[in-house]
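Presented below is the structure to which this report refers.
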Amino acid sequence: MSTTTATFSGVVPPVVTPLSPAGEVDRGSLERLVHRQLAAGVDGLFVLGSSGETVFLTDAQRDVAIDVVVGATAGAVPVVAGAIEPTTPRVMERVRACERLGADAVVVTAPFYAIVGPHEIRRHLTAVAAGTHLPVLAYDIPVCVGRKLSNDLLLSLAQDGLLAGVKDSSGDDVAFRQLLLALEDAGVQGFSALTGHEVVVDGMLLAGADGAVPGLGNVDPDGYVRLHRACAEGDWATARKEQERLVRLFRIVDAADPATTAGATRGVGAFKTALHLLGVIDSPTVSLPMRAYDDDEIARVRMQLDLAGLTVHA
Amino acid sequence: MSTTTATFSGVVPPVVTPLSPAGEVDRGSLERLVHRQLAAGVDGLFVLGSSGETVFLTDAQRDVAIDVVVGATAGAVPVVAGAIEPTTPRVMERVRACERLGADAVVVTAPFYAIVGPHEIRRHLTAVAAGTHLPVLAYDIPVCVGRKLSNDLLLSLAQDGLLAGVKDSSGDDVAFRQLLLALEDAGVQGFSALTGHEVVVDGMLLAGADGAVPGLGNVDPDGYVRLHRACAEGDWATARKEQERLVRLFRIVDAADPATTAGATRGVGAFKTALHLLGVIDSPTVSLPMRAYDDDEIARVRMQLDLAGLTVHA
Amino acid sequence: MSTTTATFSGVVPPVVTPLSPAGEVDRGSLERLVHRQLAAGVDGLFVLGSSGETVFLTDAQRDVAIDVVVGATAGAVPVVAGAIEPTTPRVMERVRACERLGADAVVVTAPFYAIVGPHEIRRHLTAVAAGTHLPVLAYDIPVCVGRKLSNDLLLSLAQDGLLAGVKDSSGDDVAFRQLLLALEDAGVQGFSALTGHEVVVDGMLLAGADGAVPGLGNVDPDGYVRLHRACAEGDWATARKEQERLVRLFRIVDAADPATTAGATRGVGAFKTALHLLGVIDSPTVSLPMRAYDDDEIARVRMQLDLAGLTVHA
Amino acid sequence: MSTTTATFSGVVPPVVTPLSPAGEVDRGSLERLVHRQLAAGVDGLFVLGSSGETVFLTDAQRDVAIDVVVGATAGAVPVVAGAIEPTTPRVMERVRACERLGADAVVVTAPFYAIVGPHEIRRHLTAVAAGTHLPVLAYDIPVCVGRKLSNDLLLSLAQDGLLAGVKDSSGDDVAFRQLLLALEDAGVQGFSALTGHEVVVDGMLLAGADGAVPGLGNVDPDGYVRLHRACAEGDWATARKEQERLVRLFRIVDAADPATTAGATRGVGAFKTALHLLGVIDSPTVSLPMRAYDDDEIARVRMQLDLAGLTVHA
């Protein structure tokens, strides 16, 4: 566990955005989802991340999602909001919306679609940070944007006070470990290094991460809160045991037929299907071009929920 | 040259979107750019492609760009418009704008940022085509979206009448050549196979492409019209000579310092710098996180314009 | 067609290495293959390229292959031989074998497996060229080695007299076109720019390539000789027609079940299956981990041979 | 820590292959290196891995390296040897050498250079395992071979008794964690899951890995033995502290100028430079196309050794 006093730390699940069958943001379901998170004791919420279908939603839908999460959270924990668009001018439009709607921080990726190099990425993050009073967290997700944020970049932006943290979804724990020590050696204070990988939270907290942003936390926030607490107490045997239960639960992302589905459908689709089975959200609807799960796929999700000891709504 | 009767064919430049120094779409410059294209005899115009900074512009800016190009073209040639967003719901928002603003067709890529496979890509293009009365052209640009459109997919969507054509910016001329014959063998009529690579237009037209979408056509539309005419007349020696002049002119994309710029800045930045030097647009301003060219870089663009025989505005 | 006097030009098929069912190099079949190539009028032969299973063969097998091809060619045309290994010391071992066995030139890729950058690639090619009296051709095949040879590198090595040519299997015809003009503008003489893509030979010769290294030329050398001749005579209509027949014939690489085979098996396997059907080689045996074609797959190869007008051995 | 009884476990450093300035394997230095490893208490040695310049060495050099390591180890710990070649027939040649020279197991990657898919990879590993009495460890190193070994493949080969373990250098700790539990759930016994990432050994052992193959262990085997011991005793605080010292020491791989060196040079080059400074090996010579470190680079390596508390040879 980190010894620094990061602003954003602990368990910060990236909440899904429940949709009605007609494709509208389902306010009631989203409120229930938030209340369940808060009841579990999470330390923050991340709205409009990849799990939140951020790039599938129109701006109007996004605004509703932020509004509902901020409202339902009611200041209990910080709400960080994705401002995920390909380029600076478009990100800034979303940053303005996040400011207006009361988010506590914004989360920004490297540019995507646009072909950029390290200089453009630095200019992008710098311009966004300079353009808002909100804290900015970098979102390192090369599988989506095609490029990794270098440790050199993250460190220098952290030192310059332009970044409040990073959500690391790079899958590159080697680089993340090196970043953690580089931040410490540079004496950077208050920077939040959060792992986005729900299956290695114990190891990353052991390594000094400030917290986790687990997509699977949508489904089992209690498990992640227990996991985090065990780590905080240095009870690594308990932490590992809880983590292993969650690693197995994470197999819900293998429920969809791999011959006809890919990443987005398998992740968000599984989380929503599980939340629907658990009675938290009214519909498992996902945005196009993803598709709904069929009966066999739903049955496989249900089986994993059972194995993990989660009570499935009849 | 193709023997089919494609709806969109010949020279269809992807026009840049001129911006004022303050970052607003410069209507007057865009009108001048369009009029220059029409005077050169182009066969169509593509607004809001990659060269048009489509992912850098806000929706409001995009609407202005379409409005100006449609208005300035005044029906003289077809106007195809990019509806380039990561997922289906967001693309459909832009398709509605294209419909409302009078575009003659929409151009759509595979999903990006979202992690998708072949089934999601097919569902995406199918849903877009089903959701509009406008012809849909697929935009195959793996360097931006991270995945190539397969020939199997393109062929079957063409056969089903869901796609009106493809703009191939894949750099994979081998696959493009195979697609051309597969379309012919399947008896597909009216499908527009357009190459997006400005430096191999002669070879692609020899291979049977219906036309080209040359970013460099922003700078030298007359050259591309001459090149296309020579190919249409089977005068391949003349075509090659004109193409070679244009290949050399394309070296303007190497004008920016490679140590501090990447693809987007080098392409769009060069086109805008050249158009500014040529007196067509009032400012070479590009969107963040791209940057303006410095004096040395501008001088290198100017030199290539001189070598290509283009008159530079004093 | 190029106007320079390149040493290696025209049609230079990369011959397969026929194997007995027990996996030994089949000297008799390889000799027949070479004689058929020479009878067709090819301008050179490339032994131990990717089509020649170069990375599947032991050094002993490779030596036999070179020995047979050099012997059967008997000086009628130049024989270029692959020296394809991951790093410089290993390449040099193969270069020594090529020298000893009488090859007329060696073909060398960028390093692979080893993680290298531009400086290491330059050092590699420079060291190889400095270490042999044989002409060195660079083999640009990013799909196999994971990195593309830059035009800057190729041009400077050509200017320094270290490279005699390049076999471009990059699929990046845009870069290849730019290279052709860069070589011309730099006044480089005697450099052989050969395309490795059998389906765009007409376009690449129109663009100024010196020749082609068509894997499919194993199967139909007469077709490629006719294609080259038409291009040389400026009869582009005839060239295109011949090329299109060959593009269709190239569909043999789609004969193997895509669910259970990948690139190598689909390419080399198809060529060998076709040559076996044509009676040129005694067995279609391929090296592990590739597999033999089943009856359905063989039937699909046979069908394409029929459609292309090639007489299939009963 | 794993509760299974894996054959290969604990600290198994991948030893470098010391070379004389003339490029010959330096037997004396390699023996000293091995003796130092054994004195530190390592649990095994890996000869001819990536750190051992396996793809840079000729077969004759490789044979010497195995011979020396096996001889100097004298049965004290198991010696696993790389049989790293692009395809099955070539791997089998190396497997025969490993058998002949007395290695205790062979380490094999997915095919490389050759374009293969999952079926060919499975056929490859299966054929190798079937062709030797030695235990086979899979080496998952996508950064070198361009493809990752899937958990499905590893699990099924483990269940079939064809694989004795895996060295995971994929950087994908998420997949590795899932593999660990999948093996446990499938009841696989005696399979060695080893991490190849020297900076996350604590976290991976917490997750249940059987051991580590740390390249940095060449330089500081005592540190890795202490780290492993702390993990085995469940003293995670001590483990983390030792790991953090080693993460900082790993900064020697940043000593070489990034503008003129890439991965191989930065890794192997740093290890050899450090070992030379420590007086373990007589020369830091690396194979072409890597290059020697200059004075500034050597000074940076020396500084990190000092900071890590390692005594540098005057």
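As written, the chain order gives the labels A, B, C and D, with residue 1 at the start of each chain.
As a working rule, a residue touches a chain if its C-beta (ideal position, glycine included) is under 8 Å from a C-beta of that chain, and two chains touch if they have at least 3 such contacts.
If you're wondering where the values come from, they're calculated on a predicted model, not measured in any experiment.
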{"item": "Chain whose Cα centroid lies at the greatest distance from that of chain B", "value": "D"}
{"item": "Chain centre separation in whole Å, for chain D relative to chain B (CA means)", "value": "49"}
{"item": "Rounded Å distance between chain A and chain D, as computed from the means of their C-alpha atoms", "value": "34"}
{"item": "Chain contact graph, described as a line, ring, star, complete graph or other shape", "value": "ring"}
{"item": "Interchain contacts, given as pairs of chains that touch", "value": "A-B, A-D, B-C, C-D"}
{"item": "Chain C-facing residues of chain B, complex", "value": "171-174, 177-178, 181, 185, 197, 199-200, 202-204, 206-208, 234, 236-237, 240, 243-244, 247-248, 250"}
{"item": "Residue ranges of chain C in contact with chain D within the complex", "value": "23, 55-59, 61, 84, 86-90, 93, 111-117, 119-121, 123-124, 127, 143-146, 260-265, 267, 287-291"}
